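Each structure below appears as structure tokens.
You will see two complexes here that share chain A, one where it goes with chain B and one where it goes with chain C.
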Partner chain A sequence: MEGSSNQLSRKEGKFYQLTRDPVLFITVLLILGLLLLFIVYPLYAAAKLSLTPEGHFSFKEYSYIFTHSGYTKTILNSVTLGVVVATLATFVGFIFAFALTKAGIKGKKYFQTMGILPIISPPFMFALSVILLFGRNGLITAKLLNLDTGGIYGLKGLIIVQVITMYPIAYMTLMGILQGIDPDLETCAMNLGAKRGHSFWTVTFPLALPGIFASWLLVFVGSLTDFGNPIIIGGEFDVLSVKAYMEFTGMGNLPRGAALAILLLIPTVFVFFIQKYIMKNKAYVTITGKSSRRASSSVGKVTKHALFLFCLLVSLFVILFYVTIIGGSFVKLWGVNWTPTLKWFAYSFDVGFKTLKNTVYLALISTPITALLGMVIAYIVVRKSFPGKGALDFLSMLSYAIPGTAVGIGYVLAFNKAPFKLSGTAFILIAVYVFRNVPIGVQGGIAALKQISSDIEESSTNLGANTIYTFRKITLPLIRPSFFAGATFAFVRAMTAISAIIFLVSARWNHLTVLILAQTEIMRLGAASVLSFALIIVVMGFVFLIMKLTGLKQSQIFGTTN
Partner chain B sequence: MSQKSTKKDYLVVKNVSKIFKDGRGSEVKAVNNISLTIKEGDFVTLLGPSGCGKTTTLRMIAGFELQNGGDIIHDGKVINTVPSFDRNMPMVFQSYALFPHLTIFENIAYGLKIRKFSKEVIKNDVAMVSQMVNLVGLENRYPGELSGGQQQRVALARALVLKPEIILFDEPLSNLDAKLRIQTRTEIKRVQQMLGITALYVTHDQSEALSMSDQIVIMNRGEIAQVGSPEEIYNNPNSSFVADFIGNANFIDATVSEIGSDSITVSVQGNSVMVKKTDETFSEGEEVSLAIKPEAVDVSLEPTGFTGKLDVSSFLGSITEYKIEFENSFITAVHSNTTGYTMKHFKMGEEVHINFNKEFFHIYKKQ
Partner chain C sequence: MKKTLLIFMMLVLIISTGLFAAGSSEKEQRITAYTTLDEELAQKVFKAYTAETGVQVDWVRLSTGEAVARIEAEKANPQASIWFGGVGIGHIQAKQKGLTMQYDSPAAKMPAQFRDKDHYWSGIYAGALCFESNTNKLAKYGLKAPTSWAEIISPEYKGQVQMANPGSSGTAYNALATLVQIFGEDKAFDMLKKLDANITQYTRSGSAPGKNASIGETTIAIGYSHDGVKLVNEGYPLKITFPSEGTGYEVASISLIKNGPADELEAAKKLYDWGLGETAAKIYATTFVVPFVDVPLAKGAVSIKNLNVINQDDAWAAENKTRLVEKWNQVINGEAKTVKKK
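Let's look at the complex of A and B:
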């Protein structure tokens, strides 16, 4: 009895304090409102339509999907692809991370760049390269080996491009995990008589296992929700994201498209939060002290050379893809007529300059909004206590787990009529960028804030500063690096978006990736190459500029993925 | 000391409790219904082992935590829901909590800027306080460039510059080395008395509490165990917990044999010992604990008193500490090496004789 009344008064007290800090109160309300409107409401709209295909409640769409082989095969395809890609990408990512953290191979700096380079590439650049290299008129298959391989379209090609696109996810995750394992543990195992291999399998590997599993799940989700690669190179091999798009946009079967998107959403969100849970509980591995200890010789010479060779081959493969895109920009007709030309540049300028300009423009507008919103959310989640905090935290993370396809379909359904008639506007694209990418800022902000002792903010409050003054004068300057890191990553993601925005672009506000896709579909591979090249230049230029201006390192910018 | 009764109640903590949820969701009473009055101008210390609720109490007073019940009354006004930034109770943090991106000047001026003082006033006040705590010349440095002791003084200056009526201290000296700690505590006490500020000071270090305080509040498991002046607490601990915590007392099992009008006779190993009566009531035949401080125990080879076996002797410079096996447990004795006694050398395992200075015995209920 006493306990319950105590609890009541505590709740009231918290709420009361919230009203005493009106800035915080209004901020919390505003952010919750925005998250509900731009994250929950679109999903609700998609789920609702999928369950009321004819205006009244029914599971018709879902039972249709599960009883027709065309759809069940699609689901099976997505899962198969996801499992294979997750396994291979995690393997590649682990080798990279292990070679760089524990083996001390040569060219570390160079390989660190290679570990994350694919992250800043357009969504289907690798698919395009694979077609240029291994397709029907591919440089390697048709010209050098004289094979007829239409077979690169489908599972095989998808595995290659997705592994290349996604091993950085595994690399980044495992890098953090492996760095957290105290080299002293391995040294100690050897000191106790374990041979190098034995110390790896009994100490390093078991400690990294939660991270390996988490990275597997992350890549699995990445593969499941990937849209850019499968739509270009999937061929007959249908996957859920592409199928949902085809139904929704191609066939105009809105309820079924929505149902497929929801089917994609459920495992994704589920897996994402398992992954979060695992990473949260790996705390026992991490070391908080200074890691000045040297990882001297946890691998032997032969292993070291093998690791180096592996990383080198993967890197060369990735570079080959970039070179191919550049090469493709300068020849008349890839595989048929190799005459050097600038005609694709002229053509691309005509069809693409306005789109490129608009894409950059919208990305630039959304970037600071995303980063600032992320920081504010991180700040109130980490430092403040108020009713509804858990919901705010959950919602801001949720949007990272929602497949772009589901977001795109949800936005179309939610914002095509009053009171939120936004379709066709620049605003809807900005909203997608901001709310799709805000978890990056939130995660980076949370990590940064946790490193700043709460004493420092409390002491500001104690000296008479209110919430907003403390945030402006103390917190913000201290988390500035992670603010810029979040902003940069948000910009990259806005520039390379495809799966959600393909539903939302209009003639007035097109996106460069959608244009590249269109050029690829009509087999103007030269134009697609030029436009991809341009996109890479813009993105890399921006990242480079930020790094120069702020002194941030690559790993600080892209380390925020996990 | 005689003026004490005329001092007004500056800060009153009334029936305050704080409940935290632990990791598994069960409730932990960090502070359990405590009441406490702090007089204006007093130096009051909250002393206790870690987890006793002293820091939580301080944080509730500062407004960082909201109590689950009870009132905090500042200068006659209930301030339960006043946000911490409106309380004007600057605090010196254990970690100092200096703003790493601001210079020392900017750190000290921080609170003045918020209060919108003019540039000249800020400059003057910062200069004055810097002088007071000996920071002159360091104004343009950053906290990272200062030594621990200097950082500590910046934290103090940042609080003093606001000319507060009360300053809160949360274990401010625990990150300093032993010598600097003693220097700084004298410094803090000097400044506090010079400015006549009320101080509420949290520590787990008994020598800090004894040397600085007007009043010591001993806390244990979320409750107040004893309140009193350092002398009162040191000489008359009201419980075996306080006796153990403040004087590292030895505890000896005994049985009550006779209860007199103002004394109690107990028997220890067949020997009778008379001790002063306390507020607690005892009955004849009851098993009790006798507490005695190490400095009231004499060890010698003379065959008088009780017999024990020397376990370890530790030479600590001005004193020597002996650990003696007695009655299936251990007793600590401390001898001064400078006043009167010459250092005694005993061999490990040697039979020694123990004499207690019986005036210093305290009787407690058996725990």
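Let's look at the complex of A and C:
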């Protein structure tokens, strides 16, 4: 903290900038208002209900949860699952990233795609595949191995599915970190006589350690807040997100559902703080000017082959899941009657076409809004100085840390009565998409803007342009890649959303993922496969289109999260 | 760069306006419905209604428990005007919570016990609880299809049975309430605890266990007989048995939601009348239920008249739902699970 008089004068200076620039002033006010309304207020509504189950303040719901083994076991389950998945997914992600950055294995381009493919898949596509492959009627378990296992439901199945879904998070985080480690350091170590293994353990690994920790935390949170996989394949293994949903929607016990969602919020916000305020200040990347030399010498031949084999196996496993979904679309009744058929396409068209259309429609509306809002926030955070800037930055990133379950419950509670009657409308879904995905754009925008000297913008202002004009003519073109990256990501996430929107879909505005969930639950796996297939095609088509139109590479689009 | 941006924006605009134009030709009459009918039946019913009247029905399927919870959560700003189908106990509960409205439909001609005396809800069909067993799986494990509640809770069926969660599923709560009405509360919960040891999974929706049994994901399901008969007719290896101690049944019903969208009310009433009529009944009958309107039944449909059904008190069941489900949660989730854990 600085001296108060000093701070005061600085604040006056900031206010001065605001009053001088009315556009900025209005924008800041507007954005702050929107963030408070759509991010903070719903959380407040959920927290309030959980603390006032009977209209007055009490910890009753929380103490009930912590004194009943059904609930404590659920909490323990969530944590156990999170720890196991975070560890395994980080391991897989690290090997992928290491093999691609340091070992120079063959088929690099192909593996890069495999490293991110699961991110653009429907939320529980892998769970569905696992049931088709390893369930009681599974192709592999029942037909090939003739095993009888119901055991895929529960912890085992969840671990497989979540590791496959989430290793890309670890991969993307670690990719940047490993790329940032100057190969010269490793070469030096080896020149000084270290064996390759020794150099790895004493140079590369310690340098990557903060990144490993960061990716572990990210996956941990991802696993904790995952809803789509556990509701399909969790079986008797209750986790917090599903329990909260069941209490809130199934049993109609709103206060307890809200309390469970708030409990889910605690670890995620905690991780968010670690990420934002602790990890960030640790300079763990050794940027000494980009080293362009190839680092093909950091692993030996045997290791290289082993790494290649590992990546290949993981990739094949992932591809198998996709093939299974496609196969499932054409089979009359998986596991019972393998006759090829198109009836699921006819049925899905009947049941799901309207929903698919609406889902795409709302995602398309929300996409440019999300990307633009993200860029505007990034711009004013990086370039402008005004009171409340820290709060704006914090709030815009916060929604990334809030579990979908808490968002969904919060929105139901906050926006179902005057003055904000939004439930059942398309608007509430668009709001969820925009405010849940805006951090991606903000983050990408901030990263891009920091690389661009503000001199250019200042010149524009000096020549008489106002804030909007400068932003539109100078800044926007410069941050175009991150704009499109943010837009693409926003679209993908809107199309594959489930945990928040399952609380908010209505008869008029359903979402395809919710429909897939319903079909899966009544074991109409053929229809579920067709609908998943359709979703994958739409999402991949969109990503491909953006890449073609803008010339962006996939690494530019999906590299923005780290 | 400007060009691509332009192209992109245009594309988004074209696609979205195209979709918008196709997606919502406004001005026409629409009805927003929550339905607890089986997804496939709901599709048939509402499609037929739209074909006949031109009125669009936007619907979403919710289980009975979900529907009540949803309508209650939206009480201040109801989104739907009609709740179509779903276990009668849920409709009684909705009435008791003040979520539905009175409507004396001219089409309500079913026997008095299948409609509300205060005109809050009307029944459309009845169906009895049963056990559905996959015969292939039974043969494989050397089991026989259970024929009584006493049998299905015995340890030989360990890990072979599925039922839905009584919290979210009207079917499962119907079963719970049936057990309490036959055996008394203490004995019933004792039995449910024993049953829990045999259960592999409590599903959200009441018809899911039957479907799982049909394809062998589980061996035995507790569900409604019409769902089972339908699966048998589709060629699945299912055997349907009824518990000898007596069984419960559902009165699938329709209610109008209180303070629903005002511009839909008249249309919703017409849908309500239509839902009680002959055309709709014929469609229900194709899914092996026994409607209260006298229409030709599908082959294999089981009427509750020919079964040993209990003298069911749905009003009592509705009144005690919160308490019984909470108790069930404690017995099953609170204690049994930790005991069961090895």
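Things to note:
The rule we apply is simple: the second predicted complex is superposed on the first by the 548 of 562 C-alpha atoms of A that agree within 3 Å, B and C clash if a C-alpha of one lies under 4 Å from a C-alpha of the other, contacts with A are read in each partner's own complex, and residues count from 1 in each chain.
Note that a residue touches a chain if its C-beta (ideal position, glycine included) is under 8 Å from a C-beta of that chain, and two chains touch if they have at least 3 such contacts.
Since the structure is predicted, the reported quantities are computational estimates derived from the model, not experimental observations.
By the touch criterion stated above, A:367 is placed in contact with chain C alone, chain B being left untouched. Using the contact criterion defined above for the overlaid structures, shared-chain residue A:474 touches chain B, although it does not reach chain C. Once chain A of one complex is fitted onto chain A of the other, the partner contacts of A:332 are absent, as it touches neither chain B nor chain C. When the two complexes are overlaid on their common chain A, residue A:69 makes contact with chain C while staying clear of chain B.
In the superposition on chain A, A:250 contacts chain C only, with no contact to chain B. The partner that reaches more residues of chain A, of the two candidates chain B and chain C, is C. Contacts of A:108 after superposition on the shared chain: neither chain B nor chain C is touched. Using the contact criterion defined above for the overlaid structures, shared-chain residue A:453 touches chain B, although it does not reach chain C.
Looking at the shared chain after the overlay, A:462 reaches chain B, while chain C stays out of its contact range.
Looking at the shared chain after the overlay, A:21 reaches chain B, while chain C stays out of its contact range. Judged by the document's definition of touching, chain A residues 477 lie at the interface with chain B and also at the interface with chain C. The part of chain B that touches chain A in the complex is made up of residues 19, 27, 62-64, 66, 68-69, 80-91, 93-95, 97-101, 110-111, 114-115, 158-159, 162.
Those residues of chain A that touch chain C in the shared complex are 68-71, 73, 135-137, 148, 150, 153, 235-236, 238, 246, 248-252, 254, 333-336, 350-351, 354, 357-358, 360-361, 364-365, 367-368, 412, 416-418, 421, 423-424, 477, 480, 484, 505-508, 510, 518-519, 521-524, 545-546, 549-551.
Across the complex, chain C meets chain A through its residues 1-2, 4-5, 7-9, 11-12, 15-16, 19-20, 22-23, 30, 32-34, 38-39, 43, 58-61, 63, 65-66, 68-70, 72-74, 76-77, 79-80, 140, 159, 165, 167-168, 200-205, 207-208, 211-212, 214-218, 236, 325, 329-330, 332-335, 337-338. By the touch rule above, chain A contacts chain B in their complex via residues 3, 6, 9-10, 13-14, 16-17, 20-21, 453, 455-456, 458-466, 469, 473-474, 477-478.
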